[in-house]
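Multiple structures follow.
In the two assemblies presented below, chain A is common to both, partnered first by chain B and then by chain C.
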Partner chain A sequence: MLDAIGAGLAQAVTPMSLLMLLIGVVIGFFVGILPGLGGAVTLALLIPVTYGMDPVPAFSLLLGMYVVCAIAGDFTSILFGIPGEPTSAAMVLDGYPMNKKGQAGRALGASLSSSAVGAIFGALVLMALIPVMRPLMLGISAPELFAAGLLGLTFIAALSAGSIHKGVIMAAVGVLIALVGIDPNLGIPRYTFDNLHLWEGIGIVPVVVGLLGGAEVLQTMLEKGSGPKQTAPPHLGGIMVGVKDSFRNWWLMLRTSAIGAGLGILPGLGGSVSQFVAYGHAKQTSKHPEEFGNGSIEGVIAAGSTTAAKDGGALVPTIAFGIPGSASMAVLLGAFLILGLNPGPEMLTEQLDVTLSLVWIIVLSTLVAVVLGALLIRPLAKLTSVSGKLLVPFLIAMLTIGAFSYKNAGEDIWVMLAFLAIGVVAARFKWPRIPLLLGLVLGELLERYFMVSYALFEWDWLSRPGVVLVEVAIGAMILLTAIRVARKKRPARKVGQLTGGLV
Partner chain B sequence: MSTEVISAIRAAPGRWARVNKSDLIITALLLVVFLAAMTMATEWKPLAAYFPLGVSALGAAASATFLVRVLFFPRSAEAPKTNIPEEARSMADQEYEFFRSLTTRDWIVAVAWLGGFYVALAVAGIYVAMAVFTVAYLKLQASRSWFFAIVYAALLAGITFLIFSTLLKLPLPGGLLGLT
Partner chain C sequence: MQKVGMGIAALITVAVLAGCSSNAASGDTPDAETSLEGQTITLVVPFDPGGGYDAYARMLAPLLGEELGATVIVENRPGAGGILATNEVVNSKPDGRTIALLNGPGHLGSAIAEADGVLYDAEKMSYIGQISSEPDVVVTNGGGEIESADDMAGKRFAATGPGSNEYIDAVVLNELLGLDSEVITGFASSNEASLNVVQKNVDLHSRSLGSQLPGIKAGDLVPVLVIGTNSGESEIANVPNLLDVVPSSSKELAILHSALVSSGRIIAAPPGMDEGMLNLLRDAFEAAVTDEAFQKSAAESGRPISFMGGADMQKLVSGVMGSPKAYVELIKKAYSG
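And then the complex of A and B:
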């Protein structure tokens, strides 16, 4: 293990990896601060750029961008009260009031430092869980992996905004879309309608770009007004005061980091929920709960550390089981497959050094982001006032080039546009898009595990103890969701109910 | 006619008003898609058909049960009141509210701009489409000066050429005229 940790570090600090990491960090700052594109869409747009790269430099670019995106999203939460990223919503609650009190610099300092601690904590959790996961992973085979994939999909579907029915339906649509193309077992074209382009299947990049990015671009296009307005320039002094505040509250930082990393592991919960759970925990345990919502530094610290810690946790099921817990992790899983890596036992044995290099990439990109963020806080703060309308031509060009570059095929632009329409309709009528995306990414893996299970055990695999256990868990999940939906009719009374639709 | 049936008929108009029409249409469409997928899968050899059959059957069952729920057990259109602060509501809720607030004119404007860009792309390729769209959009929608719009368009096209065509050597869509 120690050798692998060293090998992982050696791969993460090669000149090429560091260059990619730096580029990723810079892109992450822009994406996190500017309106228009989220982390998942930008991950998808960057995938074609990584073709031909070795896995570690490729992930330095992708993960470096993604990790920083969440940290940078806190800037707009604090300066304008508008979350730059969905995972930065809790930061608004206290970060923005602090800005209004003339303490924007202090809030940004606390946010950056707590994010750094959170990200490193999450990465260490990922590293610490590898020895635990390895024997577990080596002891299970295709039937259990199939069942685990199904469980992950059920989690996402059950926690989707709207209803579990909508989540399941959208997940099934996603899996069906994944089946388009030549059948891997018999070579039969499935759902291709005699269209040669569909023989290769529908790629993840055009789908993500259209499904998630299209709705975001349309929102940017149609936003009323010309972007966020700041009545007075934010006071950006006192960054070090915020940093000191964070370390004075080190125990809170560690606790909320643990919440972020822990909930990050569970598919479907991720950053959207963990930030509010941690925020609620910080409020409950604070000596000054009355300050929460009015500019509490503890609220800022809790939100910052949780948001950053979730990424390490979210990588655990993605790497070990091939079960992504969120849209971003689904895209990252797609990147694993495109770069020739097979999430699952292989990542914990033959590719252990690559897995550990991901831990180092998270740590390094966070440190670089914190240093850059602290040094460039004033110019970065100015980016937050860029009007969304100015970015529309750039965003549309990026979506188009991203979709086209996936296979250098014009047909993928049509695929992107089709999913843009689906994404907008889904957003307009409150149908969840994430289960569709996860279904698409997991569909191929699920069918592979299903066919291997069938080849090895015919239908007997359905009664294997591990599979039965997961079947019970799926049943319990559906039952609990039904109870949750029934209870949701009552007014929310607890902080834990703040989350609303989760995905 | 029994009193139960009479009261059910009386309740029907109220219930129909509460039926979420968009959910009804989307679910019915998806049910048709799943049934079509199932029918197609039955024509394949078993090994190629098992998994698609299972997935489409699951999707059809979920759609059918949801259709029943939407039609016969409609819920109040109003979401229950919660203590969720405006700025901390989920992104799904915020997107839903945003798109719901759009007028027909907003939709026409958005589709026209997007449609214009992609028609230009299909005909003249990415660079011409990007330049024309950028200048027109910034001038007409963002109320920027001609100078700003032209410089922005030139920079965007130049950076795209530098990164994608020169550094990454990726081919870009050239349209019918092949202008890349």
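And then the complex of A and C:
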């Protein structure tokens, strides 16, 4: 194993590999910053470039690009309140309010350093799991995925500050929206109104873009004084403050990285769920939960590290069994096959050095991204002081392109507009929006895996070890929360004025 | 007031953009000429980026462009199992600037079954040719419980959902071989269904050879039956074919189903294309995919080429579409869940 780690590093630092890595990181940065234009599509566009390359340089390009996408996606969330990637939605919750308070530099610094720690943590998890990857994956099936989804649902309380009732109602609305589309078991269209576009359900990208970003743009535009204007000029000297903040919260960084990497292993669950689980966890364990949603540095750190940590975890099922955990991993799996690599035992024995070079590529590209990011923070943060009149048309174009490019479908722009309206109304009457998002993602997942679990095992699945483990975790969490609530008086509630009640 | 006006103006801008984009697919084009030189051709892929269809399209695009002196761009339009994109392509102008890479079994299967959402006559489309064809392979796990087609009786198949290629295979095998097997549906992807076979949660799973090969090579999956023409891969050389194991009374249906599976990946254009343009595209396609260097590099990247000309493809489609009632009923069953 040690030999292979060395061999993996040797392959990852050849001039060709490093050159490809650098190109990948630069592309990834810009793709990540633009909302909608996601990592998966860009991976697919880059694959033909890798024909005839050796595997390691090819992965330096592909994986380097992909890892950096997640890191850069957080930048857009902080600067404009529009998630650059669907996995950057949680970053909006506190990163954008921090920006509004004139702390853009601090938020960017904290997001960059926590992302870097998360990415490296994820890579180490990937390496550590190599010996047990296949037995581990053999134990994960529909029941375990259902249980993990249920665990995600328990965070709705933490994500609906102010009123738990409103949170539950919004989550229920999200679950109802998840019903739209072809029934996964019987193939019967539900609420599709003879529109083929709705057969595959309401997509997460246009919803995130409209509900969070669109509503934010429209709201600030209609506010007195026009445009997303700074209450104070962006305080750029804060970059190092943000970096220090994140390392002062090192324990939180490690815990949320573990959540990202752990949930990343579960195929299908992915970053859109784990970011909220990590965010909810950070809020529950924080000494200052009232700051969450109003520019909490802990919220930024949790969102940053978990999003970057997921990729190391998501590679586990891809390498062990060729089961891609997400759309991007599916594209990457295509690249494995084109490059002559067979996921499965081969990747863990004969080609162990290639597998380990993937670990190194994640580490190296993260480091390059940190340097590049640090250089770009200043010019990027200046964008926030551009007058609203100039910025708003640009943001609207970004929103529209973001929604459209998800599936090259004009219909998704209408979906985005519909959720933009819902977002504005929700913000106006202080209804939390995140539970709706979580309900939408989890509703589909819970329904699917409940039905499959029952079809496979009837009720026996309830006693599978993985399921019991999660059941205990859910029970413990509810118990701990109950104890905490009983012990201390509720802290004075501040309504999220800055985010308009985002959480 | 000014702000409200600005907001309304912004919304109008978005709405106009939305309107433009949904019309873009059928945008205005000059009259069809029998040359596509200097033009931009859209090759529509009805699936997400990264899958087999996308890979073939992106391999083909530059070569086809070179043959025609045009630029071929790949556009992914996933949705409704491919029906959404096919409906759009059928309604675009047959001027050679819109073509599509279709999933043969899915495209023809849904047309035969007159599945919900199908708004076209598959026989009337203009077929440019076939780029690949591979058999489906039914696999089981390494438990050694299932060794022959007879052992499949009463076992459980995995499939994503009704109407998918893997579900159709399971329904057809159930009927033709009298298996009385259950089909477990709802898996999020074909790969997830496959993992459940390895985990021994289900017994059987049928999908294309190319998708099964990595699992077979890794020793996780064992092939038990081939549907369609065996292309000579060593991994499935000694595996029985559906045609060998089916009782003689069902042979005709088995042949029809093998033809459907073998329809493979098809390049097609909207109906009503004039003959000159169709021949131009067919010739360019033939020249591109029969190129030896291209075939070699494609095979090396795990995407082998199997060429069939447009005229032959058109005959195959007509044959499948004219299937006897018994087969049509069978496929309809596979779509109704």
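Throughout what follows, the second predicted complex is superposed on the first by the 273 of 503 C-alpha atoms of A that agree within 3 Å, B and C clash if a C-alpha of one lies under 4 Å from a C-alpha of the other, contacts with A are read in each partner's own complex, and residues count from 1 in each chain.
To be clear about the criterion, a residue touches a chain if its C-beta (ideal position, glycine included) is under 8 Å from a C-beta of that chain, and two chains touch if they have at least 3 such contacts.
Values in this document were obtained by computation on a predicted structure and should not be read as measured data.
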Message: If we overlay the two complexes on their shared chain A, which of chain B and chain C does A:424 touch? Say first, second, both or neither.
response: first
Message: On the A-aligned overlay, A:127 touches which partner chain: chain B = first, chain C = second, or both, or neither?
response: neither
Query: Just chain B (first), just chain C (second), both, or neither: which does A:31 touch?
result: neither
Message: Under the stated touch criterion, which partner chain does A:259 make contact with: chain B (first), chain C (second), both, or neither?
response: neither
- prompt: Just chain B (first), just chain C (second), both, or neither: which does A:222 touch?
  reply: both
- request: Have a look at where A:456 lands relative to chain B and chain C in the superposition and call it first, second, both or neither.
  value: second
Message: According to the stated criteria, A:205 is in contact with first (chain B), second (chain C), both, or neither; which is it?
response: neither
- request: Please indicate which partner A:153 is in contact with in the superposed arrangement: first for chain B, second for chain C, both, or neither.
  value: neither
Task: Determine, under the contact definition given at the top, whether A:410 touches first (chain B), second (chain C), both, or neither.
output: both
Query: Do chain B and chain C touch any of the same residues on chain A, and if so, which?
result: 48, 185-186, 188, 218, 221-222, 226, 392-393, 396-397, 400, 404, 408, 410, 413, 417, 451
Contacting residues of chain A [partner chain B, same complex]: 48-49, 81-83, 86, 89-90, 92-93, 96, 161-163, 165-166, 168-169, 172-173, 175-176, 179, 183, 185-186, 188, 190-191, 215, 218-219, 221-222, 226, 272, 276, 293, 387, 389-390, 392-394, 396-397, 400-401, 404-405, 408, 410, 413, 417, 424-425, 427-432, 443, 446-447, 450-451, 454, 488-493, 497-503
Message: Using the touch definition from the top, list the residues of chain C that touch chain A in their complex.
response: 3-4, 6-7, 10-11, 13-15, 17-22, 24, 48-52, 54-55, 58-59, 62, 75-81, 83-84, 87, 116-117, 161-163, 184-189, 191-192, 194-196, 198-199, 201-202, 214-215, 217-220, 297, 300-303, 335-337
Field: Partner chain A, residues of chain B touching it in the complex
entry: 22-23, 26-27, 30, 33-34, 37, 40-41, 44-45, 47-48, 50-52, 55-56, 58-59, 62-63, 65-66, 69, 80-85, 87-93, 95-96, 98-100, 102, 106, 109-110, 113-114, 117-118, 121, 126, 130, 133-134, 137-138, 141-142, 144, 152-153, 156, 160, 164, 168, 170-173
- prompt: Which residues, counting only chain A, touch chain C once they are in their complex?
  reply: 40-41, 43-45, 47-48, 51-52, 137-138, 141-142, 182, 184-189, 196-197, 199-200, 218, 221-224, 226, 267-268, 317, 321-324, 327, 330-334, 337-338, 340, 342-346, 392-393, 396-397, 399-400, 404, 407-411, 413-414, 417, 448, 451-452, 455-457
